[in-house]
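A, B, C, D, E and F label the chains in the order they appear, each numbered from 1.
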Amino acid sequence: MPFVNIRITKEGATKEQKEKLITGVTDLLVDVLGKNPKTTFVIIDEVETDNWGIGGESVTTVRSRSS
Amino acid sequence: MPFVNIRITKEGATKEQKEKLITGVTDLLVDVLGKNPKTTFVIIDEVETDNWGIGGESVTTVRSRSS
Amino acid sequence: MPFVNIRITKEGATKEQKEKLITGVTDLLVDVLGKNPKTTFVIIDEVETDNWGIGGESVTTVRSRSS
Amino acid sequence: MPFVNIRITKEGATKEQKEKLITGVTDLLVDVLGKNPKTTFVIIDEVETDNWGIGGESVTTVRSRSS
Amino acid sequence: MPFVNIRITKEGATKEQKEKLITGVTDLLVDVLGKNPKTTFVIIDEVETDNWGIGGESVTTVRSRSS
Amino acid sequence: MPFVNIRITKEGATKEQKEKLITGVTDLLVDVLGKNPKTTFVIIDEVETDNWGIGGESVTTVRSRSS
């Protein structure tokens, strides 16, 4: 009964892409560890770029410089 | 000083229901472990059904089939 | 299909107490939100007192002063 | 490669304040543990006051009484 | 720069299986969302069966009944 | 009443270093957001290098190559 939490920046992941993440990570846990998919939970958190930091600055700042 | 994180799908839990969850889980920690309610935190995360997976598919997909 | 994460300091909670937390929080989600207990997960994390801070110091330090 | 998750109530933290949290916590991990800032992640979650409980009631309720 | 947290019961996952989970979930994020693997973190938490509840009881209790 | 969770690899952080992280991050929240330190929680999770992945492989594997 695994629990998986995927955190990504909120930058337009579509419903279809999120569905693929859910299916893919569930299949992975079945294949590698023989887990039961029926009790495998996946939660995707989409985080605003202002609220995600890397290298000491927000992703918003990183993105503005590289554009 | 316990910390409790409750994650549920975002499907219309009311302010009153969330207040009951907070009170209930705090009382439980006081009763079972003698914890101090003043330093007991409860955070409720409501997750979009597109972003919650079970059985390899999103709750949105599960709900659409059962309706 | 709620997911609950309870974090407490590692200070001797017994197997019976942990079982009571699991049952209590599951019942609460059934009572307040009508959730299905079969797909309700509860994870208890027990954290070393050196690794838990409150008021700017570790619980180890807080406990040593009050004893 | 540390990962830091800061959870605060959603009560108007500005983009500048969040940037300062990201920089400050990253610097702290560099100074104390010699971590590489390039692989230091910080995620800030802002939680609605209805969804954050302390002392057995929501922060919304606490705030309404003290105002 | 995704962050993935996989939580499983502590029941003997090997170093090789954990390596496969890390590789698999990283590949998935590259394939589905075009994420950079270099800044993709995966953390696996292995939780004692006494500390994981499902259906209102611990996995320890569930396992003892089915054996 | 902020809650901060710091996750680092388990590679020998001392009690003193962890105390500094707790004090530093609490001070930061007081300085930047005017939070009350008495209800500021910090939890440090130390994760085995086998259980932390970056770039599609475990930190154990990364470390073995660079040594």
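Keep this in mind: a residue touches a chain if its C-beta (ideal position, glycine included) is under 8 Å from a C-beta of that chain, and two chains touch if they have at least 3 such contacts.
Just so it is clear, the model here is predicted, and its values are computed rather than measured.
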item	value
Selected interface, A-E versus D-E, where C-beta contact pairs are more numerous	A-E
Classification of the chain D:chain F interface as same or different, half of numbers criterion	same
Chain B-chain E separation of Cα centroids, rounded to whole Å	21
Per-residue multi-chain contacts in chain A, two or more chains	1, 3, 7, 21, 25, 39, 41, 43, 52, 54
Overall pattern in which the protein chains touch one another (line/ring/star/complete/other)	other
Which chain pairs touch, all of them	A-B, A-C, A-D, A-E, B-C, B-D, B-F, C-E, C-F, D-E, D-F, E-F
Residues of chain D touching chain F in the complex	1-9, 13, 17, 20-21, 24-25, 28-29, 31-33, 35, 39, 52, 54, 59
Contact footprint of chain D on chain E as seen in their complex	1, 3, 39, 41, 43
Residue numbers on chain A that touch chain B, as the complex places them	15, 18-19, 21-23, 25-27, 37-46
Touching residues (chain side chain E, partner chain C) in the complex	7, 47, 50-58, 60-61
